[in-house]
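Chains: A, B, C and D, in written order; residue numbering restarts at 1 for each.
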Amino acid sequence: MKKIEIGIVGGAGYTGGELVRLLIQHEKVKISYVTSRKFVGKSIFKRHPNLRGFTDLKFISPDDISKVDVIFLCLPHGVTASKIKEFSSLSNIVIDLSSDFRLKSKEDYNSYYNYEHPHHELLNEFIYGMPELHRNMLKESSKIAVPGCTATGAILPLAPIVENFKINKIIIDAKVGSSASGASPTDGSHHPERHGVVRCFKPSNHRHLAEMYQELKNMDGKINFSPHAVEMVRGIQSTIHVFFDQKYNEKDIWRTMIQKYRDEPFIRFVREKSGGYRFPEPKIVMGTNMCDIGFEKDPSTERLILISAIDNLVKGASGQAVQCMNIAIGIEEPLGLTQLGFHP
Amino acid sequence: MKKIEIGIVGGAGYTGGELVRLLIQHEKVKISYVTSRKFVGKSIFKRHPNLRGFTDLKFISPDDISKVDVIFLCLPHGVTASKIKEFSSLSNIVIDLSSDFRLKSKEDYNSYYNYEHPHHELLNEFIYGMPELHRNMLKESSKIAVPGCTATGAILPLAPIVENFKINKIIIDAKVGSSASGASPTDGSHHPERHGVVRCFKPSNHRHLAEMYQELKNMDGKINFSPHAVEMVRGIQSTIHVFFDQKYNEKDIWRTMIQKYRDEPFIRFVREKSGGYRFPEPKIVMGTNMCDIGFEKDPSTERLILISAIDNLVKGASGQAVQCMNIAIGIEEPLGLTQLGFHP
Amino acid sequence: MKKIEIGIVGGAGYTGGELVRLLIQHEKVKISYVTSRKFVGKSIFKRHPNLRGFTDLKFISPDDISKVDVIFLCLPHGVTASKIKEFSSLSNIVIDLSSDFRLKSKEDYNSYYNYEHPHHELLNEFIYGMPELHRNMLKESSKIAVPGCTATGAILPLAPIVENFKINKIIIDAKVGSSASGASPTDGSHHPERHGVVRCFKPSNHRHLAEMYQELKNMDGKINFSPHAVEMVRGIQSTIHVFFDQKYNEKDIWRTMIQKYRDEPFIRFVREKSGGYRFPEPKIVMGTNMCDIGFEKDPSTERLILISAIDNLVKGASGQAVQCMNIAIGIEEPLGLTQLGFHP
Amino acid sequence: MKKIEIGIVGGAGYTGGELVRLLIQHEKVKISYVTSRKFVGKSIFKRHPNLRGFTDLKFISPDDISKVDVIFLCLPHGVTASKIKEFSSLSNIVIDLSSDFRLKSKEDYNSYYNYEHPHHELLNEFIYGMPELHRNMLKESSKIAVPGCTATGAILPLAPIVENFKINKIIIDAKVGSSASGASPTDGSHHPERHGVVRCFKPSNHRHLAEMYQELKNMDGKINFSPHAVEMVRGIQSTIHVFFDQKYNEKDIWRTMIQKYRDEPFIRFVREKSGGYRFPEPKIVMGTNMCDIGFEKDPSTERLILISAIDNLVKGASGQAVQCMNIAIGIEEPLGLTQLGFHP
């Protein structure tokens, strides 16, 4: 069988590098090119040293891209939207890892991104690339917007709950690794400053809220989201405190979760009564496409504590993108994504 | 002036070692003895290597303790209560760092500690050692129970709020360093297992809730507390999500905070509009007796995000104990506690 | 083709868990059992949470082991030797990850391990399982002793050098992750104590010296080895300072290295002139079976600085063990070991 | 007594911030100004958040500096030299923390710094500010060049040895925290890249070699130095492998060390037979002006393993600068430098 040809635009960053890592290990695809304006002509492994010995590809200029079967866009927010016509002309399947086509409402771009979307007429052509919620739409789709990392960590555990229960209030307290802020150094990412922090860097009004409201229906004004930078490179742990407008018990939650996610290849339930790993833990999913989910009911306040863990660069970005691709082109969904995590 | 003589019972653990560190630097006291059954006869600096060159003291047996002006008890929970009569006979001022005398209600010991308190008749003799709330009672007090570390990080920022506003719900999402679990190795504290975790180790029903309910009046059923182990040795960061049953604005919160804490030597307000350190950060208070407090109002849900940072071994234990001692014996409150923190 | 049946004795530790991780992803084998006296009857994923969803195996008692095609022994040093007859009777291929059969000389066990070897008559039956040095002997071998982790990190870069140059002196300064000390908590592995250390835990006389002397011929009295514990879970970085009794230049070193390792599937050379990753880096090989090697000649003292990086649990233990198995049973050498590393 | 007036030029970096931290706690001095071109008019605590509440000083422009009793220069290498006349005119005591006046030989600036020194006629006016070696010269000196951080960690343990023994070869393998590279973000200091490294960033020819050769007499061609970046913010651990051209035993080393450093306020010897802290450890000296020194003789190769630990920003920079100032102005040498370190 002829291999599927892949183009990656914006390959010097972390999501681009992660796509190369995953796709090199994917038996049915072949990477045709990876672009980087800054590193044109340099071996990809000079930027992503883990790839040394696994690929001879060199970065090409974004001006030199050509037709491929699937094109992945790993560009800064705003850049993709401005060039979307060009990219669409080069590939039947466009998979965008930026936020430029995640939202359906152009007003959301105004209010959350302070940005006038230049191609809002295309917003409805993009499928929000979360297979657990939109698998049917992703089949044979040609335009996919890959969800934000903290949005993924919040929406996946919450989706079955908000569909089936009356919700009063949701508080998402996320803990995020440093790779989630990208590959460009800043004052805040300087190691002596970033090391050892527990930093509530955006207590309210984070942009990913827009995705959460879009995907979790009828939650207007009920979602509170505060991400924290912690000492970690990869990973997002979300502790989600849910308050209900009804009675419930843990068994109801179990039933709902299992009904929704029973056959999902990348959802695991984690709830042990003893040991150190009783709930989801980001280091255990590091490098994998897993979203681990666990929960407990607070017996004294009726709160549900929902906990999820993902790798922000895999299930939170490039892994989910590959999963979407597999679905869109009709091959086995887990291809290229079956690598196990680590302990310790 | 004759120096105040100090006894420390249980000096091999982290709070005991931290008391020695602080009291060596305290100009008006002299440590008479430090006990450890396990390390009897050994130099204290063999257990606490930071003290090398600063003290020649050796651990003595707890059977050999004698009269002192102030006795600090750093024993495991349960042990203090069983021997409290002996300790009280040896010193006019007893300062207990365990949880044995923090709670006023013996029923709380039953329900939160699953423990029948052997000396509940003494519970009301102990003052809850949080100077910001009970300074007047601490003056000339003879029995002091030092608050729990996560309780300190939650109660200090919340006290002015719950006193002055109508509260609907409080969610405390704390991130805690590994030293908070004490000096004894366990499977969970083994470095390869503990390293890099974001571990919700007790999503509900943590014991320190009892202290929070006791000190924050009229909050029955409104407090939700979930501590997390993160990659850090010292420090507690608490992000506290508060929902109100009334309107409020940020200025009201500022006014309330300042009114309550204006003259406190160990409370700082941290709220910057730019830079990396816009809110309290545990690494900045590391080694100090500070409790840093910051906050922001979520414009879309009216939630108040309250953030605090302390060093669990200083303001969360031994530093607060020394502060209480200074108050109880009538010397300058900040003595021995003025050391600055670090950057970076 | 019928899958090769595998038994793993001592599966609760880190090398045992790592074997399961690697062998689950190995297309030609099937794990028949994994033993643990302590965790009998428990799911393997409760001990190794990364394996959740990938295996239903439960630990069995070491008393219940049966015949398999290949048996891996992950027992504490000393235990393997005492039971080697039993293990040998159960499998045609015995692969031991302990130190019990690495050395050829029973006197070395006396002097380095302070241990009277109970089956020294078998020492010569075991092949030292380092494919780069002993591939031919490993083919169709039936008993393999997997090298020590720091020995691997030192011997691989040094072997071509000592074979081809006159050596005056070698100083190996290694930096080691905490998983190298095994899965049992100790005072020294307690997170608050082990966190952030740069600890020269064995400045001289480390046991792995015996392997280095055995495998690097004619180096008597010339090797100096000082391992350091650093803040890392997996990984060994070795900076090896080599002094010569002859002239040489960098090109000679390159030629020697390439001649020796040109076709090795798990050796990479790393030597960049710019960027952050100019020399081998343990985090880049984390999770892989790679040994990265780089070097530089000191222009002012003629010293050669040789640098290697491995994952102590993979190339330093379980990965090398699988590589040896593949060779011994005559299947493709890299099977099960092709997973890429990570960046960042 | 009138307080000594201090000016700090270049206060936005880490050594400048550390000077402020130390001098605020120094009872006999008063900081008159701290400069930063970038942060003019901003509160110092916005850049150094640990200082919040301890100083109201704002950064002034370097163009606005005035006469003081002591001026500290914390400027980038090269800048100090170009403006040294101006600085000298403003203060009787100039203490430079850059490398611009550490070396006596202008040729060393050519070869190690690739730099034509603009004021080499002044090189001999500066005293190399290492009190343990040059205390007498520092008394009443007016120009002091504070040693480099890795040079301090190497020279202090080596000085007594090279003075008293015949040396064959010295290999210094240092492990360095990220703050040693300063406060400006780079690709290499970006947290996802810098986190978890064991990076031999300069295997040979490091600039600090020039200082080592200058201060350790008659060692031409005998010193080998390879610093490594490890996961740590503050601290330098140096493992120094020394080979001799004579016989020696450990007692000789002890005698030599004690003779040299017996009365030094900031040297401690660390050599325990058991426990985790048997040798110097950078985290134990973090925040202090201590240089901890330990050693062991390798019984099989006669090598001496010398180990030191310092805080690069204190004994390796600002603390040593303050110690020099105290000596130069004739006040108690340890003033402002007596803060204890931490455990854990």
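Quick note on the criterion: a contact is a pair of C-beta atoms (placed from the backbone, for glycine too) under 8 Å apart; a residue touches a chain by one contact, two chains touch by 3 or more.
Remember, it's a predicted structure, so these values are computed and weren't measured experimentally.
Under the touch definition stated at the top, chain C and chain D share these contacting partners: A, B. For chain B, the chain with the farthest CA centroid is C. Centre-to-centre separation of chain A and chain C, using mean CA positions: 36 Å. Work out the mean CA point of chain B and of chain C, and you get 45 Å between them. For chain B, residues that reach two or more other chains under the stated contact definition are 14, 179, 183, 187, 192, 194-196, 233, 275, 281, 344. Interface residues of chain A facing chain B in the complex, by the touch rule stated above, are 169, 171, 173, 175, 187-188, 192-201, 203-205, 209, 221-224, 226, 228, 230-232, 235, 237, 239, 241, 243, 275-276, 278-279, 281-283, 296-301, 303, 305, 307, 309, 344. Those residues of chain C whose C-beta lies close enough to touch chain B in the complex are 14, 177-179, 183-187, 189-192, 194-196, 233. Residues of chain D that touch chain B in their complex: 14, 17, 21, 24-25, 46, 48-54, 179, 183, 233-234, 268, 270, 272, 275, 277, 281, 284, 286-287, 290, 338-344.
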